[in-house]
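What follows are several structures.
Okay, so chain A shows up in both of these, paired with chain B first and chain C after.
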Partner chain A sequence: MPPLELLLQQALNGVMLGVMYALVAVGFTLFFGVLDVIHFAHGDIFMLGAFAGLTALVGLKAAGLGGSLLALPLTFAAAILVTGVVGVAAERVCVKPLAGTSPLMTLLATLSLGLVIRESVLIFYPRGADPKPFPQLLPQGGFEAGGVAIRYENLAILGIGLAAMVAVDRVIKGTKMGAAIRAVAQDPEAAQMMGVNLDRTVDATFFLGSGLAAVAGILSGLYYSEIHFIMGITGGVIGFSAAAIGGLGNVYGAIVGGLLFGVLQTTAAALIPRGSEFRDVVAFAVVMLFLVFKPSGIFGEKSVERV
Partner chain B sequence: MSAAGALLDVRGLTVRFGGLVALDGVDVAVAEGETVGVIGPNGSGKTTLFNALTGLYAPAGGEIVFRGRRLAGLEAHAIARLGIARTFQASRLCLDLSVFDNILIGMHAGRRTGLVDFVVRRRRFLGEIRAALERASHLLALFNRDLPSRGFERVGQLPQIDRRRVEICRALAAAPTLLLLDEPSAGMNPEETAELMRDLRIVREEMPGLSVVIIEHDMFVIEGVSQRVVAFNYGRKIAEGSFAAVAAHGEVRAAYLGTEAVGA
Partner chain C sequence: MSSSHARVAPTRRELLQGASALALGVAAAPAAAWAQRTTVKLAFIGPLTGGTASNGLGGRNSFLLAVQERNADPKARYHYETEVLDDECKPTVAVQAALKATSDPAIVAGVTHYCSVTAIATVDTYHKAGMPAMVWGAVLPEITYGHKYVEVTRVNGTMINQNNVAADFAVKTLGFKTFALIHDTTDYGRAHAKWFGEFLEKAGGKILTTQGTAKDQKDYAAELTRAKADRPEVVWYGGLTPDGVRVRVQMDKLGVRAQFQGTSGIKSDTFNETVGPSAEGALAFVEGAPTEKLPGGKKFLEAYAKAAFKEPSEAYGPFAYVAANLVIDAIEAVGPDRAKVAERLKRTKNASTIIGPVEFDEYGQNTVPLISKYVSQDGKWVLWEDSEYASGKRTLPGHKFKKM
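Presenting the complex of A and B:
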């Protein structure tokens, strides 16, 4: 049994990772909620968000704003805008025209789109095949509490991630757009007959979900100090798994699923001999157990019959 | 009645599903403030009429004119915003959401504050929400004085009759000029049905200008609330007039009792 401090440390690291996973998972679950689709390009939208953030940072540095307090918010805003627009475009090209056909068609279309996004970054981004160092924007250093090392940078990442989740919760629960999203998720036909514009609500949902993926992408860059064009593959699978564990269609389920996945990964690394090599094996084994014994997820009502 | 001054004027409406003709050249007109009952056996096209009126189905022929405007080609949400609201035969409330949330969705088109107000103009935003909750409470209290205090409970926790009331309130929340009620007494026992009839009379008294079209199997409800009755069979209108006249109509009796009973 490893010392308690190590477990605590790993749990904390797990929550960190989990926040990023959760942000990706919320997108999956929102898309499934409103349109009953699984958007398999979403992982690559997450990657695109990281690259858009990096590009914005490079541009800001060139403009002499690299070190300013504005750098971080502007980076997030630019990346959210890029992924939001690409996300809405993805929905209009790969999802909406295929409504009414087999869900497999949407699966194929979004998988293909993910490939297009990934290859585009590889080909068109300067030296796109290489991992890109991500600038350190957050305060370095840290402190120790009860044998657990806490870095300021990690606290900031955690704070930004949690703030994004709270913002989503408020938007969904409080705003007119949020009411439309919830109504469409429950019953699109009835929602339309209450005056809800379906197309606009679906656009808003994809903008929101894709924007969250950009936040996750930048946080991932800040955490690992590096981004890579293939990061969306694992990021997407983990985000989707987290959404499935939590119950597809349930936003809070996606958040819990993301946190659970992160903590599973890191505690597995601490509890099992050579665990860090097996962390994904353990986490995905748990995903499979969920799919077998609780296919609708922790909070899920809709079953995953579509794909 | 003359169709010229009608709030709703449906002419020659035809709806097809593949080879099946669900509605076959139907004419229906509804005047302002009038309540029209729609009867007919299952599958006779009653709900299809509602679905065509609300933009869910695209008609294969004929036209729908509402407040002088042709509805052809309008999307469902645009038709709702023109002032047509409806309830559904099987309740389509969001059972996981609160009573107030459900009614707020009914007010959706009327909400003016957006994301910007939510973030920076809180007072404006909260003012709108407060006004909406007051209106929702007012509507709920019309039917059941205890309902407003249960506004933050999940709809799924309410009894059947109150759920139906919430659904009617959700439809009324949009301040419609035409209310379509699809078999509101479905699944109710006689006591609940009596309460429903009382509720519908309250709607009539509180909103005298509102036009109502009600689909019902319960003939007591139809007789009690409608000023005019339209009978459907196999997608065609077979009779129209007062309840007594339609109930006595040979084809209507045949449709309900079977041809042998009448032909014998």
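Presenting the complex of A and C:
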């Protein structure tokens, strides 16, 4: 058994990973909650967010604002805007027109869209095939607490991630649009009869979920100091799995699922002999167990199909 | 009458048609030389998308350069057309690409694969189809030594010599004793770890941990935290550039104070560009001499620059260029016949190329005795012997940490 400080260090590594998974997972769960769709381009929108952030930073640097305090919020704002608009467009092109068809059609359409986004970044971004260095905007250095090395950068990333989650919670619980999202998630027809504008609510949901993916993409860039056009493939699968563990349709479940997935992967690599080879096997085996024994996820509610 | 008269005195339309035909003929005259030659098709297969695309694109450009040069050569007997296929560095995609190339009877031979996982997956495909395929970048020994197929040859070296030199250099020359090994779990990464581990122990080094990781893994915090606990002098990574970048960057983030050593898989411009200042002092090993020091390296680099490709040729571009030239030379000598070309290529002896003389052994493996040691210095890969680390002007990060 490794010493306690090593276990704590690994747990911290897992939480860092989990925060980014959670932000992607919230998007999946919002889309599923409101429209009952699994939006498989969401992983690539996470990647697009990271590249939009990098592009914004390059632009800010060219404008002489690269090192300013404004650089970080402006980067987030630009990336959220880009992914939000792309997310809404994705819904209008790949989800809405297929509303009456089999869910498999939406799945295929969003999967294809993800591929289009990924390959477009590869082809059109300058030297898109290469991993791209992501500028360090957060304070470097750190300190040690109880044998655990803590970096200021990690604390800032955790803070931004948690702030984004709290903001989503505030939007959903405390705003008119949030009430509309909850209403549509419960019963779209009844919500419309009560005066909720369905189109606008769905647009807002896709903007919100895709914007969160941009936040996750930038945080990933800041944490790893590198982004790559294929980062959305695994990010998307894990984000979806995290949402499934937490209970598809439940925002808090997605957050817990994301954190759990991150900690599971890290502890598997740390504690099991040759565990680094099996980290994904262990994490996805847990997803399978959830699907078998608790298909509704940790916070998911049992739904009854009424006729 | 009127009709016969019309035949003698052409109408305005007929005059215009005749003039157009004449104009076209004059314009096409320079192209007529190659138009008279028989067209032969060659395939290039490599990773054009995915994590290792930068190496694949560098290889593709180098291959196309060789073909362009030969097409411009008035002495060439054939005109060469190309079919460029993407294997995405994935075995299943590679087999599909190989099947596509081999099932096209117009394609006489191929310059194939950078990734070991794709090269090993396709050897049987080329053998069954009887199509000569010259590997230009993959280093897994079994690609040539696992069979005696006449169709498969390899112009670059294998990882055996590379790891022998790498282990001896790290232990005997640099004086490092303890190593944490991380490798990707593909055939490529596993075989590197196997050979490096064996040579390391023979050289007197000690392996503290060996951890396999998934290809394209994003987060190495768990593995590096585990390795850090053993305080290794060297973190060795057996894998390709994108993952090597992440391991090196995350070593700094987690405060792993150790020398970083990689394989030929990380020796790319992309590694230095993406890792930035942290790349300083990283080590890598590649078969053959650096491009600029190759017998024809300068000429190759000048021609490559003149062709204005968007991407750099990367470490294995010269090998793809040489493979294309050897394949074309064989076709020029024996004609566009797959079986004859394969036989001819396998018997290549002392061929003069930009990488020096190429000679295939009985397995179709080029016997490349030279392994070059590289260190990252000021954002460039510099031959160890030419570096300020070798001259003592700078100290490797691993040596600095040892003193701390």
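Assume the second predicted complex is superposed on the first by the 301 of 307 C-alpha atoms of A that agree within 3 Å, B and C clash if a C-alpha of one lies under 4 Å from a C-alpha of the other, contacts with A are read in each partner's own complex, and residues count from 1 in each chain.
Simple rule for what comes next: a contact is a pair of C-beta atoms (placed from the backbone, for glycine too) under 8 Å apart; a residue touches a chain by one contact, two chains touch by 3 or more.
Every value quoted in this text rests on a predicted model; they were computed, and no experiment measured them.
Colleague: For A:Ala180, decide between first (touching chain B), second (touching chain C), both and neither.
Modeller: Touch partner of A:Ala180: chain B, not chain C.
Colleague: Contacts for A:Ala190 in the overlay, against chain B (first) and chain C (second): which applies, first, second, both or neither?
Modeller: first
Colleague: Per the overlay, which chain contacts more chain A residues, chain B or chain C?
Modeller: C
Colleague: Quick check for you: in the superposed arrangement, does A:Thr205 touch first (chain B), second (chain C), both or neither?
Modeller: neither
Colleague: Counting only touches as set out at the top, which of chain B and chain C does A:Lys132 meet: first, second, both, neither?
Modeller: second
Colleague: Of the two partner chains, chain B (first) and chain C (second), which one does A:Leu17 touch, if any: first, second, both, or neither?
Modeller: A:Leu17 sits against chain C, while chain B stays out of touch.
Colleague: A:Val171 contacts which: chain B (first), chain C (second), both, neither?
Modeller: First partner only.
Colleague: Across the complex, what residues on chain A touch chain C?
Modeller: Going by the criterion above, the answer is residues 2-3, 6, 9-10, 13-14, 16-17, 119, 122, 127, 129-133, 149, 151, 153, 220, 223-226, 228, 230-231, 233-235, 265-267, 269-270, 274-277, 279-280.
Colleague: In the complex formed with chain A, which residues of chain B make contact?
Modeller: 54-56, 75-77, 80-81, 85-86, 88, 92, 94, 96-97, 101, 104-106, 108-109, 111, 113-115, 118, 125, 170, 174
Colleague: Contact residues on chain A for chain B in the complex?
Modeller: Touching chain B from chain A are residues 170-171, 174-177, 179-180, 182-183, 186-187, 189-198.
Colleague: Mind listing the chain C positions that touch chain A in their complex?
Modeller: Residues 48-51, 53-54, 56-57, 182, 185, 211-214, 216, 218-219, 221-223, 225-226, 229, 241-242, 245-246, 249-250, 253-255, 270, 273-276, 310-311.
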